[in-house]
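Two complexes, one shared chain (subunit A), two partners (subunit B, subunit C).
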Partner chain A sequence: MRGEEAELDSALERAADLLDRARFPVFGGLLTDIGGAAAALSLAEKLGGVIDHAASAGLMRASKVMRETGGTPASFGEIRNRADTVVVIGKAPLARDPDLVEKLFPAKPGLPRPGDNKRELILLGADKAKTPKHVSATAVDSRASLPELVALLAASLREGRFDLRDTALRAKIDAAAARLRKSAFAVFVYDPAEIEEPVMHTVLEMVRHLVLTTRAAILSMAAPGNGDGVNLCSTWTCGLPIRTSFAGDVPQHDAWAYDTDRLLKSAEADALVWIDALAGDTAARPKGAAAIVLSANPTRAAKDDIVIEVASAAADHDAALFLPPLSGIGMVKAGKADKGKPTVAAVLTRIAELIDERRAA
Partner chain B sequence: MLIELRGGRIIDPANNRDSVGDLFIEDGRIVAAPEGRTPDEVYDIRGKIVMAGAIDVHSHIAGSNVTLGRQLMPELPALAAQDGQPIAPSPASWGAYATGIRYAEMGYTTVIEPAMIPTHAIEAQIALAAIPIIDVAGLVILGNDDYTLELLRDGRGGGDELKDYVAWTLHHSKALGLKVINAGGSEASSSTTANSVSTTRCRTTACHPAPSSRRCRTRWPVSACRIRPMFTATISASPATWRLRSPRSRRRKACPFTSPTSSSTGMATAAIAASHPARRVSWRR
Partner chain C sequence: MSALIFELKDTPGQRLDLSPLVPARLAGMSRKDIEAVSIGTTRETLTVGDAFKVKGKDAQNIHFVGTDERCDKIGAELEGGAIFVDGDAGASLGARMKSGKIGVTGSAGVLAAASMAGGEITIRRNVGAQACGVALGETMGMKGGFVTVGGDTGALLGERMRRGPRGRRRQGGRLCRRPHDCRHARAQRGAGRYAGYGNRRGSLIFMEKPKDILPTFSDCGVMEFDYLRLLEKWLRDQDIRIRLGDRARRLMGDMAVLGKGEMLILA
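And then the complex of A and B:
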């Protein structure tokens, strides 16, 4: 199928043909709303395929750390109202949400909070160039890598002995650690897509050290592309997160094996359903395997793809999405509802019906 | 359409019935055996039991808490199976789909999720909708959020504002009813830091005297104040008849930790030390 637009019905028929013949399809991208995710899960289960999300790398790390050692997350509202020390780790949190500091440090105080400390922001591994004026901020930014900075802070927090030639950095680290020790409620903000598991464990150890004498928690940045929403949908539907295969008798999760890129490169997957239909977000379709592309912006499809233009969630139709301020799923009303294009859920459901017809025949 | 369930054992305690017989259903209702009509569908259910579907009013089947549990311990069904539970040892065994199937197999037709957090009600309702066969609903939680606690404590508008808030929450979360779990309890204990940080102000305005007055210069961890519930709430089926009773508010005792007599303060200190031995408490009078 050339990369031109095709009649929707004809495209659906071709898609059903392709998937009916496929032995191990992978549903990737999954930049869609909860309805789209549920339809993808249902079709993957019918076909014995795999579901994966474009932002899986960070999601899988966060998932694994939570399963292994638990976590201490605080809700956005709780941090905004009550944290007196916020440590933003790395550059990704502010890159992901440039208004993050404004959100966490409202100019007007909210609810009563514990302690009498003035609220403070510590930027670890990032600069404070764009910090709002009313926020008291210090930046611990140096040529040291982010894992090193986190490890140094953790060591200083525990008041362990360690050598550091860079005395200026040492002073900043010690000052940050001292501030954390006298906080009433310290929160560490990080993006699991930026820091690896050992660094996340170090941050959680800092929280565990602090909660012996005071209150501390973490804020793990939400994944892009409604990754958290899709992950939650998968979990409540089949008990397992994304990167799960329905090929066997029971669903099986494997963060290494059921990676879209790996499955396509190794040719284990023989068909790809790439879903890229979320307002304000996109992900490049990986190379390899015959593909059905459900996209709100079809120009991103490759030459031989079966392309189905779909509505963009939250732009063209109301959508249930993971909303970071809720730390949960909320409904977003469509900007201007474009009823002309079908939703991802409708397309996948129709493809499932067409496959059923082929198999009944 | 007339449906016949033929030959099953009909157990109907409300009508003193426990006997084998035939049951007729038309348009979704059980009807008397029709004269001279042939059923459109007949089900041979000899050896089976016909009963009113069971109702489970408290079962954690959907919502952010349940999903968190699944995230934390996907292996839980495997552990349950090892313990001899009749459950397939797969994480899918406590997914939404399996939940509906298993409850239907056990004869349940209605299951209620008792812990729907208001801001996560949409998530809970979507997950509930994913459960097949059985009827489902949720109870929404209030009493652990600042706003409700503030309304309880301040008693603004004679309780009307609280009633409005509860009604609004019930309506917008599409909840079947309200759930109150130790209102204020976890906030009272969790807002305390292990060493009290010595500066947590006594925030309970339910105490008499008010914290800004001279008698309450004492700064205690909030849990030490032993906030007593000010109201007991009577929840009836219809939110319209929901009302507050507040017997305790008129019988507030003086805060034992702010009593001007030194002996009772001494006793209070000892009480705190006894109950929180690991905490250093400092105060000013």
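And then the complex of A and C:
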């Protein structure tokens, strides 16, 4: 606190005081479990604040596209067992999960698959350097940008006319499109944080074109830092996704207006609660307002920061998290339980109690 | 009767939601009632009377004076009447409007004319990203009406737009537009990367060659288009003077999707 160590009770009192006086607090980061997210939502509602997640940019894009046109998502298990062609778009999916190919292409054969094609991986805009030996993989990579490669594949898939001087790239694109046309079940994997909405719409157009004659689906990579879990928690709590404000009579969602970075840069938010307490994930804290930092990682405190060391979800305590292989929420056991540090949920609940006591006094 | 004038007193400490200040909702209200309308967006209560000096009476003719980029939702869901903004406008200017007129002397923020269905908006300077795009909670972009932008536009101009002409006089951002099913033409001077990405139908008319043309737009050569002359005349009738001529290089696309659209680059 103000760069000096203080007792937990004193830090909580100061945090309650700061938040009770704040005109428009924002709860950002939200790298926490479902319990921590629920406590943050409850406190944001009490204070008329905003909730946002560090990985909101990709989450908002994916949900916007899904709302606008719908989509046909497939689960990890279904792809692993039934897809014969998997197209990984861009570098981000493999950077986010280096074991992704091994998870989707297990060495042992799985359940019976439709069709008799050999399984094939197509890497669009990525190299195949780290692909396991048992996987038949083709890389379609060139100097062309990812939006251009997606557009070219989509045009070739529809057998439409397009002008491309690079004959080697054209041959690869045409071969990938031919493979997709004869697939029994093709799946496109992408990270919504890497590609923009028009590109996602073009991927969905490819799926719509393929499903006229065969089966096709998408796998949108889950947001890091339990982003999907926090988003689901927000949706079942208040009916709206993250980037929602509780300042008015009813909660209001706005992906542009309630972006943590924007709120802090424009000085519209006057207090920040930054939560960074999830095993294996961390996010850089934005600057711009007095901050209450709930962190499980070593953090540098600015002059007016209140830093509270908390337990790391899934490392120091059991945690309910969004698990991509299940496409749902599951419990993750703690590696080694540490009951010496409070959880995010416990800290936020205590701050809420202190605010209630102040208001009652 | 004199116009109903809202003159901003000071730079607001929070974003203002000005969607209640439209003719249909203000008609018949006394000045005291208008001044009591809540326009705040934080837990700090803020009314019209706190933020604006209110003058005049005619609720069909509203003037905002001295507004800035924090004044959001001006003319949102407008269904008739006129709004004149002497200053800048914030996000969602004229979003979902059905009829009426809005004029802005300065710039407008993101989502201007989003999911607009009818009416007319003129913005003298720049607009932010996703102008004429998809309003919050909607699935489609601009469906009708007429928008003129005197300056630059941000990214994703006309995203998922279906209908309605739009004139723009300067530069556009990256992934410039993705009309879903528009049937009208629009004229623009230049564009950022990937103009027309995902264009299904409709015509994009460029006065200068866009920065990067996608390979999925097929070059059909230079042709004569009589409708350019008709469009030029129609734009002149709307007080927009752009010389289009009748010759243009035609590129069909986007072949990545339906491919029934075109990009015309004036010759």
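Quick note on the criterion: the second predicted complex is superposed on the first by the 355 of 361 C-alpha atoms of A that agree within 3 Å, B and C clash if a C-alpha of one lies under 4 Å from a C-alpha of the other, contacts with A are read in each partner's own complex, and residues count from 1 in each chain.
In this section, a contact is a pair of C-beta atoms (placed from the backbone, for glycine too) under 8 Å apart; a residue touches a chain by one contact, two chains touch by 3 or more.
On a predicted model such as this, the values are computed, not experimentally measured, just so you know.
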item: First, second, both or neither for A:His253, with subunit B first and subunit C second; value: both
item: Subunit B versus subunit C as contact partner of A:Gly48, first or second or both or neither; value: second
item: Touching partner for A:Ala155 - first (subunit B), second (subunit C), both, neither; value: second
item: Which of subunit B and subunit C A:Met331 touches, first, second, both or neither; value: first
item: First (subunit B), second (subunit C), both or neither touched by A:Arg67; value: both
item: Touched partner set for A:Gly340, first subunit B, second subunit C, both or neither; value: neither
item: Which superposed partner A:Leu232 touches (first subunit B, second subunit C, both, neither); value: first
item: Subunit B/subunit C common contact set on subunit A; value: 67, 253
item: Residue ranges of subunit A touching subunit C (in the complex, touch as defined); value: 23-24, 47-48, 64, 67-69, 147-148, 150-152, 154-155, 158, 160-164, 196-199, 201-202, 205, 245, 247-248, 253-257, 268
item: In the complex, subunit A residues that touch subunit B; value: 34, 38, 63, 66-67, 70, 81, 111-112, 114-116, 184, 211-215, 232-233, 235-241, 250-251, 253, 320, 326-331
item: Touching residues on subunit C, where the partner in the complex is subunit A; value: 13-15, 40-44, 72, 91, 110-111, 134, 136, 139-140, 156, 159-160, 175, 178, 194, 197-198, 214-216, 218-219, 252, 254-257, 259
item: Touching residues on subunit B, where the partner in the complex is subunit A; value: 62, 64, 66-67, 70-74, 77, 88, 90-98, 117, 119-120, 122-123, 126-127, 130, 146, 190-191, 193-195, 197, 199-201, 203
